[in-house]
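Each of the next two complexes has subunit A plus one more chain, namely subunit B in the first and subunit C in the second.
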Partner chain A sequence: MSSATSYYASTLLVYLGVDIMACWSLNLQYGVAGIYNFAWVIFQAAGAYTAGVLTLGPASGNGGFQQYILGLRLPYPLPVLAAGVVAGVLALLVGLVTLRRLRTDYQAMVMLVISVIAVLVVENVIRLFNGPAGLSLIPQPLGSLPLTTLGYQWFYVVLTAATCTVIYVFVHRVTSSPLGRALRATRDNEDAAAALGKDVVRLRLFIFVFGGVIAGISGAVLVQFIGAWSPGSWAYVETLVVLTAIIVGGTGNNAGVMFGALLVPVAFNEATRFIPQFGRPGLVDALQWIIIGLLALIFLWFWPQGIIAERRRRFPERPRVVRSGEGT
Partner chain B sequence: MTGSVFVQSIGFGLVTASILALASVGFTLQFGVSNILNLAYGDVMTACAFAGYAVNQVGGSIAESLAAGAGFGAVASVLLNRLVYRPFVRHGTKLFGMVVVSLAVGIIIQNIVLAAYGATFFSYSFPPGRQVHILGMIFDTFQLMIIGLAVAAMALVQLLLTRTRLGKAMRATAANPSLARASGVSTERIVDLAWLISGALCGLAGVVLVLNTSAFQSATGSGFLVVIVAAAVLGGVGQPAGAMLASLVLGVITEVAAGFISPSFKEVIAFGVLVVVLLFRPAGLFGQGSTVREVAA
Partner chain C sequence: MSAEGLRREFGGVWAVTDATFTLRRGMITSLIGPNGAGKSTVVGIIGGAITPSAGRVICDGTDITRMPPHQRARIGLVRTYQLSSEFGKLTVLENLLVAAPGQRGEQIRTLIYGKRCWRRQEEGLLDRARFLLDRFAMSHQENEYAGNLSGGQKRLLEIMRALMCRPKLLLLDEPMAGVNPTLAQTIEGYLADLGREGLTMLLVEHELGLVERLSESVIVMAQGKVIATGSMPELRAHPEVLHAYLAG
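Up next, the complex of A and B:
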């Protein structure tokens, strides 16, 4: 493998890891629990910004060419963990407003509004995260290691894979547990789940925060790799890309959405980034978005369950109730 | 802030409220009747604005541009329902799926416009209007026309819904489609009509929106969608009268606050108003507490 190909492949693998975490996160909320989270990308952004300001160091230290809050230089795993915490707290706040009393169609609309408003706030309050220009020159974690550029690339691939593995353990624990069953029950029939004593709002709030934490971590892993983050990276349509990946891969299925992450964001968005531009500037981007939209429509029409459908869960029938006196 | 600036910002607020009212009444009317959350609405608005622009380029007047926008919006919305939304609903796509469908359709429309016109900004070129002073507020003739158009359209929609058999049939379809069908209402035609009216309002709103702002591009409508949705939710989704009131409230509050703080926070303030109202009235100002309804496409 030539070094250029190696560099390209390692970059794509990091993106794949980030997108897989993104798909798991939104799949927990939408696929498993049925929450219409059209604001998903703001939680990834919250994580990315948090990790950014916690690795950049004091804002005055770089000649003041960018301004931001906090400005600490924390050692490696801390910024990523903090990103998860901040995104989780944000999810809790958003969840408390939207998930408690609103009808589901209102939830979808309010989430969309929140997603757009968040971008406007960050763009206009420049001292938060440097406004429309965004953060840049974010140092990579453990950059002092004696590695070549290429070596570091593959080191970061391993780091991303390790993060994915840890996240998967948690995701799997949730989806395969009685908790996951309760979440799926609230998705399939909210009233029945409530009638059986499940606290629907609490369950949804929990998974909303849990998914938010993962979204934040995915943002942290991404920003520490690419070194920059700006409002252009998290327009509300980015949520549609992750959503399309989930629909294509298989809504509600952890393995399915991994496959979706490989097909949609990586194959369509990242890998095609290097095809030569033709036509007027922006034409290729426009065509990419049209294809993403068509992909969502085509799958919703022909394969609404996705490529790897959610496993239908069957449970052994419980033994018949035995009248007292007849059995043990 | 001096008193005259305050009065003037109320004037701006009335113009913003008029544009918002045209758009949000169209949005909420269609949602109320067919129960499909059409997130492509903002992008249809953009397409209508470009239809008005095309007419303007070949020397059309403002009236002709407005007519082109309204006509394009009406036809496009009916086709959108017939060719995309209704087939998906009949195919068995559920409420959430329909939201994703409309979002995908919106992205596709927006990027078709982008591919066709490019990423540059456009603006209408009409002869400049005169300035008119009313009660200390300064309007140009375009802005007065926008307010007049909105007032006329709102009056017509309200009359249609409350005073005609057609309006009664629409309200019946909105409240309970199966019962309306059983009572002899041709719900399919009513739904088509709702899309037609909604599309015409969407077109008018698209043209007056870009008439009132200096420049527009392929993402203008989807940017405005947020405020439309805020007005619709604030008024109680599916309630045209609520959307009218909410538009007035949001339009005036955002413009007055823009004078106090900064114009770039208009949408943020609209959102703040929305959140505060939803915390106390989760169904909006005029909304009913009804939960799940069947989709009538």
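Up next, the complex of A and C:
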């Protein structure tokens, strides 16, 4: 493998890792708990921004050409952990507003509005977020290691894979537990779940925050790899890409959404990048978005369970208990 | 449990204008009345899904009028629905397991401790769920998605699911709606058994023969009011009840 190919492959693998975390995050909220979180990307963006400002050092550095808050230089993995915490707190605030009183369809509308407002706020509050220019020159973690550029690329692949593994352990603990079962019950019929004693708001708030934490961490992993953060890259349509990956891969299935992450944001986006430009400028990019939208619609219509459907849970046989008069 | 002066208005229309009654412990009480009498609204108010415009719901001496549905279920007040309310993408067994109260595996510490904190409790719940499946002759459907069951089987599932909550009071809103006569007979048998075991139930039902066979006490509603209470033979001689049914 030539060094250029190796560089390209390692970059794709890091993106894949970030997208897998992103899909797990939104899948917990949408696929498992049935929350239409169209504001998902703001949690990833918040995590990315946090990791950026906790890695960049003082704003006066690099000639003071960009403005941001905090400006610390914390060692790895503190910026990543802080990214998760900040995104989780933001998710808690958004969740408290949207999940307590609104019906599911209105929740979706409010989330979408929040996502649009967030980008406008970030682009216009220059002193906090540096406006549309965003942040750049974010140092890579453990950059002082004696590695070649290519060596560092593969080191970062390992770092991303390790982060994915840790996150998977927690995601699996939720989805395979009675907690995941209760969340799926609230997704299927929230009134019936409440009538059986499930605190639907508390359950949804928890998974919303937990998904937010993972989104924040995925943003941190991405921003520390590419070294830049721009609000234009975190528009609400990015949520739709992740959502499409989940729908295609298999809603509610951790393995399915991993496959979706490979197919949609990585394979599809990469494959269509090589389409030669034609028509007016920007036409090919627009077609990419159209195809992603069509992909979601086609799957929802013809294959709603996705490529790898939600797993049917079976329980081990145990010796039958024989009791009498104990129906109640 | 008692309802005191329940009233409920929907956009200027009074669905319930005066509902006062008491349910006796360990007894099946039926709530009957013509369509639009306000029966389902009363069940909704008792279950917590509907907030009354006025009046109180008292359970074991506690005013639970403003208590949300999930807290009512936790004190043992469990309901089933007129329309099937299964968790369609969960299996039959999962539908039962999810209903069990006080599950350690539903707490956030599951994230930290994993299976260790809930495995043993889950085994106990599995035994209970399978016991109920055996009792209601649904064991062969254990791994079927609840959404794939027939209408009658969904009714049975709802009753089993409610029993997993270990209810003190079971509210059954038209449990025979849309069920074929054979299965309806089976469900009736199960309800009679549960009644003999001392489970308190409030049964909303249109089929008066079934009401007579199952319940010792019957509450009659018409036009949002409780118009009579008593046994079926007593109610047959009640002029207001006759008028309500004959006049529709």
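Definition applied: the second predicted complex is superposed on the first by the 303 of 328 C-alpha atoms of A that agree within 3 Å, B and C clash if a C-alpha of one lies under 4 Å from a C-alpha of the other, contacts with A are read in each partner's own complex, and residues count from 1 in each chain.
As a working rule, a contact is a pair of C-beta atoms (placed from the backbone, for glycine too) under 8 Å apart; a residue touches a chain by one contact, two chains touch by 3 or more.
No experiment lies behind these values; they were computed from the predicted model shown.
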item	value
Contacts of A:303 with subunit B and subunit C, given as first, second, both or neither	neither
Which superposed partner A:65 touches (first subunit B, second subunit C, both, neither)	neither
Which of subunit B and subunit C A:114 touches, first, second, both or neither	first
Which superposed partner A:293 touches (first subunit B, second subunit C, both, neither)	first
Contacts of A:200 with subunit B and subunit C, given as first, second, both or neither	second
Subunit A residues touching subunit B - in the complex, by the definition given at the top	30, 34, 36, 38, 97, 101-106, 108-110, 112-114, 116-117, 120-121, 123-124, 237, 240, 243-244, 247, 279-283, 285-287, 289-290, 292-294, 296-297, 300-301, 304
Residues of subunit B touching subunit A in the complex	37, 39, 84, 88, 91-93, 95-97, 99-101, 103-105, 107-108, 110-112, 114-115, 118-119, 223, 225-226, 229-230, 232-233, 237, 262, 264-265, 267-268, 271, 274-275, 278-279, 282-284, 291-292
Residue ranges of subunit C in contact with subunit A within the complex	47-49, 68-71, 73-74, 78-79, 81, 85-91, 93-95, 97-99, 101, 103-108, 110-111, 114-115, 118, 122-123, 126-128, 130-132, 134-135, 143, 145, 161-163, 165-167, 190, 193-194, 197-199
Subunit C-facing residues of subunit A, complex	170, 173-174, 176-179, 181-182, 184-185, 187-189, 191-200, 203, 206, 210, 252, 310, 312-315, 318, 320-321, 323, 325-328
